[in-house]
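Can you keep this structure in mind? I'll have questions shortly.
Chain IDs A, B, C, D, E, F, G and H follow the sequence of writing; residue 1 opens each chain.
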């Protein structure tokens, strides 16, 4: 199946985190591609990937990076698709502050949909919500997902009350 | 025309900022509704607005708030639609830090697509991009918008070079 | 005995911290209830719990949450009772900054009585002080508690001086 | 009438802000006393005021200070009453950060109920809520206050929708 | 004369600040080019400018940007020349924090020589020092510049002592 | 010998850190006393200790505390002696930020001589320098101390160059 | 009279602030010298001034600087005297954060007695306290100063209570 | 071979980090010298090293320090050469914030080319780029280095895609 979401990260060291986004997409049955390409070391490859994505059928990008996290913004420069940015709290980040600000504080005209620091899982969910905005079947899945979250919380709370 | 985007802000004092989002939607020809409802002073009304939105045809929320900016997250709790959060640097905010963190750092399961502090214009663009993910005509508009931005920069740069 | 304090936390993972509040209430002989309900995953349940609390005899809420910590504010939206907020420095928090700001920086009209990051024990003491404001016997317990703290410090200081 | 709330601030320059708390208490019909005494320049007077307060019938303190804002904590050291701390963003504060941290981050055993930076109005409301925890008539006033806030928001929203 | 330094800024609104760099280069007699091109709105133009620069004789870049300031890093991705980054404290920056972190915290392999927030003048001096590392005549100018700064400080200090 | 320096800390848990100050005083041959007394749990004892200190021959205070670190300021309120404040990065501190700001940002009229976060050793050296300002023999010891530091650095640098 | 205190600032633009320190010394009758010398533009002059100070009878330094505020530390490197550092919130500082950290966070061995951001007045008082540690007459002046502060606060509080 | 780069660090404890810069210089075949000298404990030695460097053939300094990291700025005060500053996140630093601000926020006239926190490797690359600005052979090496980085990223990405 042709991928609808393009997951990209600045370094293969971000893979364990970014696979949480991939896992969510698997659960929603959304096909995706995955790449580790640096905005600074391989700028042409990032540009090429982003520029052609919309025509290849990509609907959403999920881009994760740490430190001076330019990757999501650089992808957004080259694509009309919404780009979800995941600030990564990597070893060379100042507790995630640099990653968060480098991704969220985009200039006028080129937004990045920023999620929480290390919020790769939420990036996957947000991608599903975006796809669901034009796909009724996916919207039902999102509703079901929210319902199942609620039930897990209720069960956990019952467990807590029994123990307490 | 039935609104596709629901703009909501925590207080009417946020209106001048949030109208920048509305103006972008006007330019893209996207119908929207607009409300100023507080997550803390009128929680039931926010819940009601958010809960029914998807069934009324709303595809995206744009929610702006300042300080302990709970509104985008509270909206996200009640809707399967993607919620774009605009951190407002209001007079009772600590330079926007509280607004940004209260919106971006959402827990696992309930993402908010955070844009820059006071980034209402970008919220409008992101809403258009999200709608475009399921609407080819809108995608063409987004591409045209990006192209026109580029041309403005090029003309401004030519002006600068002539003056310099 | 009917609970006077309602302890609520955003996730069962906050339980070890929040039990410090429960332990203080046990020491003061204050009955309490305890729940782990998410403002974002189970918003209706939080609203229901908070809305009816005052009529059930609840006098104070203690609400703990981390990251974009909306729970205390959401509870405060639904109850006339004072709400004590505990910013939790959980794994997905930026060192507690997001939790602290999301709880303390509440908008005009809906205060949350914020204690220190991870200050669940102090939340319990503050709840006792609040109840003591309308209960002379509890006021005596608070005074005795303060006296016993003082004595512990004096004894520890004597121990230190002997060792030094 | 004997005061139930003791408002104290570190300097007379904090008076315009702290009168917002006094005004709220007036609206709730809660008698109060008001002092400007420095924890550092007049420590004995602060100690004397705080130590005797509970016996004089004071039920809650509201203490505002800026910079290294020790006043709320120092008051809390001498009284069994709950102390509400108002971080003041005065001219010699680093945007309110120092005031907020110096008030919220109290050590175990001596809580201060911290409200938002410059949140004097909310301090007044919280004081009313605390008194209401032992006073049914005041509880009704708090409920009415919350109801009237809600109505103001609804009317303002209607005004906004008419203009929009 | 062929330019040795390429000054680039993210927006023409940065021109008043960045002209301070140009003025320093004028004083050192270093020819330069100047452009206002956005890394996000005109990524291909930035890439083109940066990619060919070294072959055109450019020895140093000075790149200024605010907010999520990607421009210096994006330029650095495409050129072997040293890139001096100027964090701009523009109206849409959080007091310069986002600009500073987005420029300084570059990943391994692609450094940006970051100067102070709004430090465009120092960027010009640093460019002169870099050129001086391979040009003895320029080195003498840098030494003379440092000497003249020293003399200005000494004269100002004498003025101060006379007044005092 | 009568103590010249009074070391005080907010809790016995600060002892390992604060003993670094004591050790420096031992090396300078400066007699001292040491106490662990809380500004919030034992305010009267701190007041008593500080108030009588100058008459007992104390020349300098060294006060260490973490979190909302009021102890140095509270001591300074009661004594004409210079007070050196040591911000402690304890487990309940936000990486030392709260401790640093609560100690350094003292209001006009009541300074605290703040050293680095966890800078207890430097507090001891500063105490020696202050005593040396009125004691020529101690001044010679301070000079010798600085000389010996220099020699250690030189020897370590020679070691490094041999290895390199 | 030979100066006992050496006031030094990084730039003549810091003079209005640093004269607050001079004014305090005048009130205490403490002779002082005053210089505006940059640690970075005139390093040899700063070194010379600091190195000879102790032999010329200087007992304390007051050094004020902004941004990467190295001046207090550089002075401390060359003198056995205590150095009081005043972090200046100048136009090229990030709200005083850089100035505060550059002065307070000195390495082991070379302390700087840091006061509040823009705390020049407190620097003067601290200098008087340090001199008083070896001078009984000055100690009496410090005590009288503290007494007069207290009286001013009491009078201001009486004024407030009359107005209220 | 005479050194072209002078690596200096504030303490031998910074050696493991700063050797990453040395290793890069080795790879580029750039001769260097290495010293661990403190700006505060051995100011004369730092001054001497920096003052004579340009005449000895040094073209660039790489200076690393932590906390109140004055070393790069102090070196820059004494040399016309460009100085690259490496903010070190040592144990006595507040997560690198103090180091970064103390190095980047240099006053007008004396720039330091700041790299990322712990960015010693990038400091080495930047030194090579600076030398390459006056040395065509070195420029080719920088280009080759960038090319080899790109290839590593491409190979790693291919590995990732095979695994995925």
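As a convention for this text, a contact is a pair of C-beta atoms (placed from the backbone, for glycine too) under 8 Å apart; a residue touches a chain by one contact, two chains touch by 3 or more.
Everything quoted here is computed from the prediction, not taken from an experiment.
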item: Given chain A and chain D, the chains that contact each of them; value: B, C
item: Interface copy of B-D among D-G, E-H or G-H, judged by whether over half of the contact pairs recur; value: D-G
item: Geometric centre distance via CA averages, chain B-chain A, whole Å; value: 18
item: Intercentroid distance (Cα basis), chain E paired with chain C, Å; value: 51
item: Distance between the centres, which are taken as Cα means, of chain F and chain C, whole angstrom; value: 35
item: Shared-contact residues (touching 2 or more other chains) in chain C; value: 38, 41, 67-68, 92, 94-95, 97, 100, 104-110, 112, 116-117, 119, 146, 149
item: Chains grouped in pairs wherever the two touch, ordered by label; value: A-B, A-C, A-E, A-H, B-C, B-D, B-E, C-D, C-F, D-F, D-G, E-G, E-H, F-G, F-H, G-H
item: Touching residues on chain G, where the partner in the complex is chain H; value: 10-11, 38-41, 43-44, 47, 66-68, 70, 73-74, 76-78, 92-94, 97-98, 101-110, 112
item: Parts of chain B lying in touch with chain D, wherever the complex brings them together; value: 11-12, 15, 22, 34-38, 41-42, 45, 67-68, 92, 94-95
item: Sites on chain E touched by chain G in the complex; value: 95-97, 100, 116-119, 146, 149-150, 152-154, 156-157, 159-161, 164
item: List of chain F residues in touch with chain G within their complex; value: 54, 59-60, 80-82, 84, 100, 104-117, 119, 121-123, 125-126, 129-135, 139, 142-143, 146, 149
